[in-house]
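Both complexes below contain chain A, partnered by chain B and then by chain C.
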Partner chain A sequence: MRVRGVLHRRTIPVRFPKLYVFKPKPAGDGAGKGRTYLVTEETTELELESRIESIARAAEVAAQVVRRLGLSEEAAYGVDMAVREAVTNAVLHGNRQDAAKKVEVKFHGSPERLEITVRDRGTGFDLNSVPDPTDPQNLLKASGRGILFMRTFMDDVQYSRHPEGGTVVRMTKRK
Partner chain B sequence: MPNPFALQSTFEDGFSVIRLEGYLDAHTAPQFEQAVQSELDQGRTRFIVDCEKLTYISSAGLGVFMSFIEEIREQGGDIKICGLTPKVRQVFDILGFPELFDMCANREAAVQRFAESPLGKGAES
Partner chain C sequence: MAELDIKERQAGDVTVLDMDGKITIGEGSVALRGAIRRLLEEGKKKILLNLAGVGYIDSSGIGELVSSFTAINKEGGQLKLLNLTQKLQDLLAITKLLTVFDVYENESEALSSYK
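Now for the complex of A and B:
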């Protein structure tokens, strides 16, 4: 797994910060007053092996991101759930655990929302052909539950084909 | 360890009691699957799954319940689920589990439910 880390993080002073970092000035230069910053935007990218262990790794990084962005505990639980489901689908159904294929996860946080994209390198699937897992006829069928969970716990979930191949799921959680 | 999961399986008073703890997802679900299969291999079909210490369940974890329930009921048994925390219970509810499974407050209630309805919701539908 390769973590590209926080690619960029813009900070600006704000009046009512939700998440702030104190950076005290050196002694003799207004010592004790400190300065308040809000982390307004940041992007973190991960490149994961197509292994089942990658689920926990993606969830671990997601937890770090939601902490930095100051999301509520409830929102954090939903993000954790959705990330695990999306990466599970990418590893098992998209890349079919092919060691030659990677799963790319990108977290983009802004003052309004957290956007997460998960890209696999699989051949894709027809979203319309996935059965509704809540239909009593489909309750015992294995497919569709992960997608339902992502839609339940995130504010928006969109699927698309990447122009260079693979499926991209883009999930948004509003703050 | 980012994914703590523990499972304890015992056979008590005619019931296979499986206690789940921590995170049950695609990574750890095979352990749960093996525990259920191991009991079935011994001809035991009355399951109580104690989720009191379960902090998280994914669709893969729920899939284990789904994959066994028909076979277990065909053999005259059932799975009673007990001790769910509200957060985890919410996940079971999304998939309509209360329509399919008996969900009980605790192990005592699950044992009682077996006396009242040995085949659970399967017998009612």
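Now for the complex of A and C:
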């Protein structure tokens, strides 16, 4: 697909949402004035408080991104579910609802995929030590199913440590 | 409007909770927990959750269903599920909880299954 324009969005809804839209560069030959460009790539960044309310806020922005990218209803449901679970983990387990710690969420949409990263400022965890919630002995546990949902609804889920601290989960949904 | 609306009715000795909305972390999960706790306090231990109106549930909501199930079992009661939406059914399949919950598509069948 020919990239005719690139739009970068930066959203910082800490208390008062602010939207910065950078106009697309003119593609190729002519002067850009008066021309219409297709949005083929976009980036939206959020910085969220470590509160339960931030989960719905992240899901709300995810829905807007998904709509702009034209993902199917089924894909939209999966992204919504994965974003809620990732932000829930960041708020509760990563930052432990510490008001001094923020959760950073980044959505990067391209013609091929939507990539979402969620970073917390926690001390991290060993992915291998997370119990399998579908193991018969864990079925009646009240928690521990978030990562399973993220892996179910996204095409790829990777965890890493951020060099400056915190855990980063990178989730990809192919278009 | 509340995230989760819960209406209670009695069918013989079974208490049916008709639920409408979302069961997600925060308000929805708390509402379900409160309703189950209140019924147990009132000695109502045969509980049927009608989930026909629940179109969305997250892992916290699933966890709350499990907690309700274990809390009611502990009191010698029974929790059963009625009218799962396709999404909820899929989530219970993914989490292998369809093997744990007693699930019905027909209310009279569900009611007659209580001992």
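As a convention for this text, the second predicted complex is superposed on the first by the 136 of 175 C-alpha atoms of A that agree within 3 Å, B and C clash if a C-alpha of one lies under 4 Å from a C-alpha of the other, contacts with A are read in each partner's own complex, and residues count from 1 in each chain.
Basically, a residue touches a chain if its C-beta (ideal position, glycine included) is under 8 Å from a C-beta of that chain, and two chains touch if they have at least 3 such contacts.
Owing to the predicted nature of the structure, the values given are computational and were not obtained by experimental measurement.
Clash or fit: chain B against chain C, after overlaying the two structures on chain A?
Aligned through their shared chain, the two binders clash on chain A.
Classify the contacts of A:52 with the two partner chains as first (chain B alone), second (chain C alone), both, or neither.
both
Of the two partner chains, chain B (first) and chain C (second), which one does A:81 touch, if any: first, second, both, or neither?
both
What's your read, chain B or chain C touching more residues of chain A?
More residues of chain A are touched by B.
Looking at A:127 after the superposition, I want to know if it touches chain B, chain C, both of them or none. Which is it: first, second, both, neither?
In the superposition, A:127 touches no partner, neither chain B nor chain C.
Touching A:145, do we find chain B (first), chain C (second), both, or neither?
It touches chain B and chain C both.
A:60 in the overlay: touching chain B, chain C, both, or neither? Say first, second, both or neither.
After superposition on chain A, A:60 lies in contact with chain B alone.
Mind sorting out which residues of chain A both chain B and chain C touch, each in its own complex?
Of chain A, residues 52-53, 55, 77, 81, 84-85, 88, 133-134, 139-140, 142, 145-146, 148-149, 152 contact chain B in one complex and chain C in the other.
Within their complex, state which residues of chain B touch chain A.
Within the complex, chain B contacts chain A at residues 2-3, 23, 25-27, 56, 58-60, 62-63, 66-67, 69-70, 87, 91, 94-96, 99-100.
Spell out the residues on chain C that touch chain A in their complex, using ranges where they run on.
Per the touch definition, chain C meets chain A at residues 24-26, 58-60, 62-64, 66-67, 69-70, 87, 91, 94-97, 99-100.
What does chain A use to touch chain B in their complex?
Touching chain B from chain A are residues 52-53, 55-57, 59-60, 77, 80-81, 84-85, 88, 91-92, 133-134, 136, 139-140, 142, 145-146, 148-149, 152.
So in the complex, which bits of chain A are touching chain C?
52-53, 55, 77, 81, 84-85, 88, 133-134, 139-143, 145-146, 148-149, 152
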